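Shared between the two complexes below is chain A, which has chain B as its partner in the first and chain C in the second.
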Partner chain A sequence: MRKVRERMNGAEVAGGISGVDAAEAKAPMPPGVRFGPVSFVWRPWLVLVTLVLAAAAFLIFCLSISVGDFPIGLSRVIATILGRGEQVDEFVVMDLRMPRALAGLVVGIALGVSGAITQSVARNPLASPDILGITAGAGAVAVFLVTATGGTAAAVTGSVGLPAAALFGGLGTGLLVYFLAWRRGVDGFRLILIGISVTAVMQAITTWLLVSADIRDVARAQVWLVGSLDNRSWDEAGVAFWATLVLLAVVATVAFPFKPMHLGDDVAAGLGVRFGRVRAVLLLCAVLLAAVGVSAAGPVPFVALVAPQVAMRLARWPTPPLIASGLVGALLLTGSDLIARAALPIGLPVGVVTAVIGGPFLVYLLVRANLR
Partner chain B sequence: MPGPPVDPSGGPGVSGPIKGISFVVMLTTAVERPAPEGATDTRRRRVAGLVVLTVTLLVAATVSLAVGARALSPAEVWHGLFAEPEPDQKLTEIRLIVQTVRVPRTVLAIVAGLALGVGGALIQGYTRNPIADTGLLGVNAGASFAVVSVIAVFGFTDPFQYVWFAFVGAGLAGVVVFGLASIGRGAGNPLTLALAGQGVTVFLAAMTAAVALSDKESLNALRFWNAGSVAGVRFDVIWPVAGFIAVGLVLALVTLPALNLLNLGDDVARALGVNIAASRTLGIVAVTLLAGAATAACGPIAFLGLMVAHVARYLTGPDYRWLVPYAGLLGSGVLLVCDIVGRVVVRPGELEAGVVVALLGAPFFAVLVWRGKFKSA
Partner chain C sequence: MAAQFTARTDTGVKDVPRLAARDITVGYGDRTVIDQLDVAIPSGVITTIIGPNGCGKSTLLRTLTRLLKPTGGTVVLDGEDIGTLRTKDVAKKLGLLPQAPVAPEGLTVADLVARGRHPHQSWLRQWSSDDADVVRRALVMTGVADLADRTVDSLSGGQRQRVWISMTLAQGTDLLLLDEPTTYLDLAHAIDVLDLVDDLHESGCTVVMVLHDLNLAARYSDNLVVMRGGAVLAQGHPRDVITAELLHEAFGLRAKVIDDPVGDRPLIVPIGRAHVRTEL
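Right after this comes the complex of A and B.
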């Protein structure tokens, strides 16, 4: 019985939506591991990559707390996080810098995992929560808030009103897409086409608002549209942290039978996965994760699209690996924020740096894979 | 010494040209053989569809000449187009409106719509991805980046100055994407192409945002550029753009049969004698020319190409020799109608055609999607 199961796992990996060469995944049969009802295939490379990514993300997280006008050594940062720091560091680390660093970490994970789920369910590497209307919806509502109320009101509501409005807009649009695409179940292809249509409408509304607005409001809206982690407080970081934690727990519980899904509905059903329900729950989680991420940092572009593709290629895995995608997202976002804050002369929002790093890195991985 | 007469039926001793001729004869007889009843019906229906689309387009073009901030009667339009110059103040004004405002934007809407429609159908075919749009090759991002850069660096304010930079930017981005996707083993692989396009787009969009955030004049131009409009472009821009689009269209038509075979899979296509690398390169060059020229003149209206490609596929089926002309005519029609609607809805102001395409087209498209009209390529 165990042998059969191992072989099945091997096959499902080999037949994936491939951006990674199928031959790579096919080669030697990996050992299977079983704990009671839970069984999985032991993939040392994937585990190694995931661990390295986690360590790197944590390092960047600590670095981003340590760097600033009042530099604090890495060891002191870690001590303070563990609650054994000095009184002086406590304030700077926990109250001033932690919210921003934590927001970067959490938003990166949320967007990365959300993208990985979307791409797996849609079985399309161009799919991402951006395409499901979440980003565009959040953008339209936020831009409406900024341009309609003018500078003063936006300044007042800035810290609370804008994230709430973005969450509302993103979630509303995501759910709208989801229910518009619902017709006796959710079909991946129908979902992304509906998503593209709704995205187009929301973007058109945003454009229209921008064209008819005062140029000063446009500049303010543009900063938000690019995605920024400036002036994050514990309110935002805390909400994003807990929401992401809960959603990840849900994803982890339903994602286990998730792997065969990319083989297509029929094969997945044949392997005994109740794909309809699993997919519905996972997609809902992807929508919620993306909405949480966008509300906390603005629609940081392309993290959700790029992170899963980068993770796939780093981990040499035929489908977007969930945990590694989240970690790549976190690394990308915290790293970019660190660079934007510490290395660049002018204060560019994090979204610019994310894209400037993420885009070429994806291209580099593609070219390297082709040259090998 | 003359050889023996050659048996046209082709014995073992048949020389090259004769064999060729008999092959041609075979082909012609195959074509002349009466096709099955259903096939002629389909063909007739498809031709009828093309005629209907063309007539609709002509009607829309006539309406487009008459509708605007100042509505004109058919007689006035006729006068504006063809009458001799007269001293009459009012008639001169009509001539001016028709010839320098209405005709250019109508022509541009038709030409750009055609280019975006054909480009959208081609890019979905070449990447084998139903959500690929004409912006996928980095064309839109390249054009936008060029526009904000030249405004920030040279202080251009007139669209006529930066439209050429937009075209160069679009072309360069397309070349870079295709070049990156062609390095090494997986040359021209649809997935590599799509992802390389995304990577370059990501990068250029970020640079655009960075420039726009640090230069208010660029930001101001960018927001209007992003809307996508066919208004206010003169013929000295339209003619060259139309030239590039014409070249793109010719390339597109040449590669259509090969594209049909490519969609059967690379192996099948190769076995059937398609030079995969060559036809893919030609196709991508065509898409870059079409989308780049249209985008330079009107701004990014990528959704149009995606939408009409799906509608065309629904109308014609997967044969690209029919799908592409349908997509082109649909693109022209939709862009023209949306431009007209944009002139009417917020009088005396105007709504940009690109905004109307999304606001009107997308819900309509969504309904078709929901009713299950589209197949995934």
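Right after this comes the complex of A and C.
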């Protein structure tokens, strides 16, 4: 040790580890990809899983367009999307089916990424927008709009009012939960407990509105409440697409300081992360992503909860990987919609299928946690 | 034997402290935990903060690392007010290991230690060859290089603590602050971790830690800061500081201080009530 110390004193760089000879060190290191000043850790498995998921999501997206009363072959769908299709297919693909498929893809990505963020921030797999009250809040406000305004506002509620109300409700409830959970910082467990309480209140309000409303309004609200991609227009799909794109760009800018936050607030702070600010930006993005998703497709259950957990297991990654979570969300939502349309009796909304897949998965997560 | 001990105690105490608290007051809400406290951390030695539960030990350590912002006074790091420095710059100078940190399940040792490079990285520069070099050295220095591919959750408590210390070393700092590094460890693992801390000190690091075990604190530190009720009661070499009177004053503990049969530091024998000879 004395020798190490002498060598240290001669060294230019201060620091306890400069005494160790790098040549002596033979520990296996993660491989790196380096071009000039740009460098990343090379994670072959994560990259492979992400690419396969992206390909699968694109395939399901095309399949979703090809299936219907007037089936169109996959190759023709792809040709039409690339702008080299025939006139006949153009109308069905681009005008009739594309908005629905695109909405499924975008909403799936938004919900998946939103869940990955909330689960990472709270360091708890149960902390998804469904549990934190965002979805329930969006539902309550949307149902209020449908039932309180009644048939008179039916035209408005159809295309603009309902998504706007859902967005407003989701954002408002998300902020409410965040501020209620705030006590010199946000503790994950407290966030979940308050989220569950607020969810219960919002669901009670929704139930009360439905019970006291006109039966025709109830039917309309009910369909939306389960979560559905039926009759999406280009307007709705387009708004969701651009909003999601902007939010994902914001998430990407704070993705780097977010990395050490999986180790807890104190460790992150020790590593120079201003975690309060980073967390506030990320949670706001997560709430907005979930609200955009809900406003476009209704409160589709379980996608935000399940997608990040599936992505973690597929990618063999210790925390929910953001991109892969979004892609699993897209696969889950578009796939469920395809099953609901093609394989099940008519008129079943996509939310029913995601619930059937997601419910058992939640039970599996809880049982697994209990067994440990 | 004796010569070796003397040689060790006079190493490295330099005149200018790298880290110091000047007249700091810290509290949570209305409750003041630390009131107008002054303390300087001597460079090149191990300083251990001891004191009864709730005396503000951890609060002081957290304030020194700027996890807590003092309501009055300043913390000075290398001559500058720590509150005016960029968080990333502080992280390059000062490594912090919080109490009982938890890594996500499935995270590998190499990946955890690599996180220590965060203050030196940016969005586009996430894994330079320098980073890999420093991480490798940090792993070797803490004796966990063989565990690099294992997951952190599969390790024993002592190994896990070595890995976390390795992560703070990878920050490239020679100023380490450890908040109760031996919590939840059995005595053998605690000794193992403290021997590592001593190795780091030998190689030039300045260490500040909070410990509960007074005998381990006396054995492994060159400088003790004894706190009570948010104030510094005594500070100095364990041989000068640890007396029966001080232990009674700080902890309300009745104890006998004897010569350590295996070292040159004082050994505290608490008296208590059970199985004690009547003449005491």
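FYI, the second predicted complex is superposed on the first by the 293 of 372 C-alpha atoms of A that agree within 3 Å, B and C clash if a C-alpha of one lies under 4 Å from a C-alpha of the other, contacts with A are read in each partner's own complex, and residues count from 1 in each chain.
Rule of thumb we're sticking to: a contact is a pair of C-beta atoms (placed from the backbone, for glycine too) under 8 Å apart; a residue touches a chain by one contact, two chains touch by 3 or more.
Remember, predicted model here, so these are calculated numbers, not experimental data.
Chemist: Of the two partner chains, chain B (first) and chain C (second), which one does A:W317 touch, if any: first, second, both, or neither?
Modeler: Only chain C is touched by A:W317; chain B is not.
Chemist: So in the superposed three-chain picture, is A:V356 touching just chain B, just chain C, both, or none of them (first/second/both/neither)?
Modeler: The answer is first: A:V356 touches chain B but not chain C.
Chemist: Does chain B (first) or chain C (second) touch A:L366, or do both, or does neither?
Modeler: A:L366 contacts chain B only, not chain C.
Chemist: Would you sort A:R184 into first (chain B), second (chain C), both or neither based on which partner it touches?
Modeler: A:R184 contacts chain C only, not chain B.
Chemist: Give one of first, second, both or neither to describe whether A:A127 is in contact with chain B, with chain C, with both, or with none.
Modeler: The answer is first: A:A127 touches chain B but not chain C.
Chemist: Just which bits of chain A does chain B share with chain C as contact spots?
Modeler: On chain A, the residues that contact chain B in one structure and chain C in the other are 19.
Chemist: Would you mind writing out the residues of chain A in touch with chain B in their complex?
Modeler: 19, 124-127, 131, 180-181, 183, 189-190, 192-194, 196-198, 200-201, 203-205, 207-208, 210-211, 215, 218-219, 222-223, 226, 301-302, 305-306, 309, 346, 348-349, 351-356, 358-363, 366-367, 369-372
Chemist: Touching chain A in the complex: which residues of chain C?
Modeler: Contacts found on chain C: 28, 65-67, 86-92, 95-99, 101-107, 110-112, 114-116, 118-119, 121-129, 131-141, 145-146, 148-149, 168-174, 176, 199-200, 202-205.
Chemist: Over in the complex, which chain B residues touch chain A? Could you list them?
Modeler: The touching residues are 129-132, 180-181, 183-187, 189, 191-192, 194-196, 198-207, 209-210, 212-214, 216, 219-220, 223-224, 226-227, 303, 306, 310, 351-352, 354-359, 361-363, 365-366, 369-370, 372, 374, 376.
Chemist: Using the touch rule from the top, collect the residues of chain A that touch chain C in their complex.
Modeler: The contact residues of chain A facing chain C are 1-2, 4-5, 8-9, 13-22, 24-30, 32-34, 37-41, 123, 184, 253, 255-256, 259-260, 262-264, 266-267, 269-274, 316-319.
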